[in-house]
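The following pair of complexes shares a single chain, subunit A, combined with subunit B in the former and subunit C in the latter.
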Partner chain A sequence: MDKRKNPASHRLSRLRGWVQAAATLLTNVHLPNFVKGGIYQGAGKTVCVPGLNCYSCPAASGACPIGSFQAVVGSSKFNFSYYVTGTLILIGVLLGRFVCGFLCPFGWLQELLHKIPGKKLSTKQLKPLRYVKYAVLLLAVVLLPALVVSDTGMGDPFFCKYVCPQGVLEGAIPLAVVNTGIRSALGRLFTWKLIILVTVVVLSVLFYRPFCKWICPLGAWYALMNKVSLLGMQVDRRTCVSCGRCARACEMDVDVTRSPDHAECIRCGKCISVCPVDAVRFRYGFSLPSKQPSQPCEDK
Partner chain B sequence: MIKAIKPIAQSALLVVGITMVCFGAMRGEADAVLAKAIRLCLECIGIG
Partner chain C sequence: MSVTKLPKIMKIVAALMMSALVLCLAACSTPGGDKEKPAPDDASIEALIAEQPKNAEEATDLYNRLMQKENDILSSDKSLWEKVFAGANKDSSMIGDGSNYGDFLLATVEGAKDTFSADEFNVLKTGAEKIKKIEDKLAALKKEFPDCASTSGAGESVDAASAGMTGDAGKSTKFPSFKGKDLDGNDVSSDELFSKSKVTVMNFWFTSCKPCVEELGELEALNKKLAEKGGQVVGVNSFTLDGNQGEISDAKDVLSKKGVTYKNVWFNTDGDAGKLVSGLFSFPTTYVIDGNGNVVGEPIVGAITSAAQREALDRLIDQAIANSTK
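What follows is the complex of A and B.
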């Protein structure tokens, strides 16, 4: 029997890799389409998946929220998407950046790449780059598709078209392998996006989750929602011994004892695993005012 | 003070989120999402 104070939190953080694998499979459940060379066209694609997953992936079971938002905003019929924004608000409040840590296929891929043995670099000195993703969200996802429109009132999905490497990884490459028509149509835009993909892959080996930290507009949205998310981290300040192990273990450069709801915390649970006194745990529910002191753990 | 406001904000956002999803679906946005998602996104794969 698990004698730790917070066995459920320990179990969840220990099973994270399996949850990531299962989430990736559920997000891309139509695997036979990889062989057929087509994409799933059922009604399931009305629903947005929580993570960054291209709907042009042959196996994709749902719609990419970022792509869907741009598609609706860039259409001649609408200039804002209540449907996708509402979905993102709901997911953001219910889970926050837990989506990044547990459910996003592209986040999982970056983590797997980072496990490749070799030199690893810290991102602690690169913290200002975190703000780039908010600019990407505002410009490439919200403003440009709505404002830069053709004569027919249609806007380009700027993020999907010029930035997102998922479309090449999950869509273009597997489709081009089995479909000669698509293979022959790939041109300069594909080359540009392939360069982005290769850059992200190389950076992921060196840095922990560079795309999530610096570029991902979905990560930026969930980062904004982390403060109000029902799922969060909780530090028992009476138990905490201020050893600093949690802050040193965090690869997202967060000190959970100072800021349990930090925008960069992807709820991976590494701080839970390394805490010697079981002071850190996941919490879920409405944040009712507690009697615990709100200041950081004090040195003991 | 902030701690007292947080559960209210969480509840309000849940209500706003559900309302927006319903409103968006009613005015046909879900159909627009489906129409885009079931066709090959040429921009996404680097052709468009």
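What follows is the complex of A and C.
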């Protein structure tokens, strides 16, 4: 019998691995395309998936929000991606960085890589790098595609073209393996992005989710939305014993008791699992900031 | 306690994911069509060569059967012959000069002797000799019955695609026929479009595709160059299919900005050609089509502005012109 005060939160965080697996599969449901060497181009591609998942993955069931945003702002026909931005605001308000922790295939991949045994390094001293992702979002996703345009008014999807390792992993590599035309089109750009991918893979073994923490523009967006998201963390200050286990368990370097709506919190629920007094839980719905603790839990 | 189970579950999930990733990569096989047919035996070829047709019809029939034998020889050791063709394309002067195609193959095989093992070389040499014999017979047939070659759709030349050289022997190599219009509203039919040109470079693009638009200038220059050789560039903007007026005017804007004068056409999406376009997922893609309406080689994926892609395109163009002039 579960005597916990927050059974639902415990259950959700315990099932996280399965949710990640299911989300990855649903995001990439057209598996036979891996063998056929084409991509799905049906109606599903008119909708954005919540996580970072390449449109050009043979199996992809929807479009990548970051890719779609750039494609629209970079096109000569449109000035701004209202539809994609609306989708991002909606997902951001409903879930925030819960997407990173539960739904993003690339986040899951990095987590799995981090399970490879070996030396693990802390990112606590590397906190300033967190701000790089906001620059990536602003420059590579919004400003450069919209402003650096050709004579016909077209911009490049800078993030997709020059940065995104998920595109190489899901798009370029599987397509090039089975499609000779794509293979012969690979050039220096592919080599560059392959280097990025390999770097991210190696770093993921050493650090927990390095791409999410430092580079991901989608993570940056949801990080901003974490502040207003309906889904958040709640710490019961009356039961909290200030043992500090939650902060030590957090691999995103967040102290949930201090800032439950922290931009870096991916809602993985590790703090829920380790709390000895069940003081941490997921909350859903409107909650006024005043109800949240602004100070660390008091000693008892 | 259930919480302590968490790492175990995660480990299982991790192991499953890893094996799925490995399987994903392992499942990627080479494209089908690599099965090689056995080479036709000497006796059947000799028998054909010994036949003496009495009238033009019999001559045409024999001609086609001999051509089939040639194709069979070439497709029996496809990968080897592909190497030979790759080498031959650099100097294609002999292809068009009317000399025996078998001689041409023999010379090419001899020239590239170092790149093959002794066994491979023997296979190629015997093949080329057989083709030489067949070609002699074909030439004799043509002397006696000048029309025997022209009535067959195949023509004298062995185009790489029909000989199974393009990696997918089972696929039809005819570009799907279509009836459509150019962007000024004039009727266009594929048969007419392809047959009046020795080579048609068909470029698939769409208006908001940056690499597509960036190569338009180069395609325009190519069109001018091809015009001297009796060839042409034709554009197909996938947005304009089904005659979408707004898209047509947008496309015309971009084309005029880029100084494009060559023909751009649209057709309906429900036809075979329309289905071909909806199956494309990388733009630009460029097809090379010979005067018989056959697709030559594999389509070029990505812009032709890079040196390697341009070289590949030029090779296909030469091959198409050779197919059309034979």
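The rule we apply is simple: the second predicted complex is superposed on the first by the 292 of 300 C-alpha atoms of A that agree within 3 Å, B and C clash if a C-alpha of one lies under 4 Å from a C-alpha of the other, contacts with A are read in each partner's own complex, and residues count from 1 in each chain.
We take it that a contact is a pair of C-beta atoms (placed from the backbone, for glycine too) under 8 Å apart; a residue touches a chain by one contact, two chains touch by 3 or more.
All of these numbers come straight from a predicted model, not from anything done at the bench.
By the touch criterion stated above, A:Arg209 is placed in contact with neither subunit B nor subunit C. Once the two complexes are laid over each other on the shared chain, residue contacts for A:Arg97 go to neither subunit B nor subunit C.
A count of residues in subunit A touched by subunit B and by subunit C gives the higher number to B.
When the two complexes are overlaid on their common chain A, residue A:Arg130 makes contact with neither subunit B nor subunit C. Residue contacts after overlaying the shared chain place A:Val35 against subunit C, while subunit B stays out of touching range.
In the superposition on chain A, no contact is made by A:Arg281 with either subunit B or subunit C. In the overlay built on the shared chain, the residue A:Tyr83 is in contact with subunit B alone; subunit C does not reach it. Residue contacts after overlaying the shared chain place A:Val177 against subunit C, while subunit B stays out of touching range. Of the two partner chains, subunit B is the only one that A:Val168 touches; subunit C does not reach it. Judged by the touch definition given at the top, the superposed model places A:Asp156 against both subunit B and subunit C. Residue overlap on subunit A between its contacts with subunit B in one complex and with subunit C in the other: 39, 41, 56, 71, 75, 77, 156, 182, 185, 187.
If you check the complex, the residues on subunit C that touch subunit A are 2-3, 5-6, 9-11, 13-14, 16-18, 24-25, 27-31, 167, 207-208, 210, 213-214, 250, 254, 257-258, 278-279, 281-282, 285, 298-302, 306, 308-309, 312. Against subunit B, the residues of subunit A that register as touching in their complex are 39-43, 45-46, 48, 54-56, 60, 62-64, 67-68, 71-72, 75, 77-78, 81-87, 89-90, 92-94, 156-157, 160-161, 164, 166-168, 171-172, 175, 182, 185-187, 189-194, 228, 230, 286-290, 294. Listing the residues of subunit A that touch subunit C in their complex gives 10, 14, 17-18, 20-21, 34-35, 37-39, 41, 56, 71, 74-77, 108-109, 112, 115, 150-152, 154-156, 174, 177-182, 184-185, 187, 273. Within the complex formed with subunit A, the residues of subunit B that make contact are 3-4, 6-7, 9-11, 13-14, 16-25, 27-34, 36-38, 40-41, 43-48.
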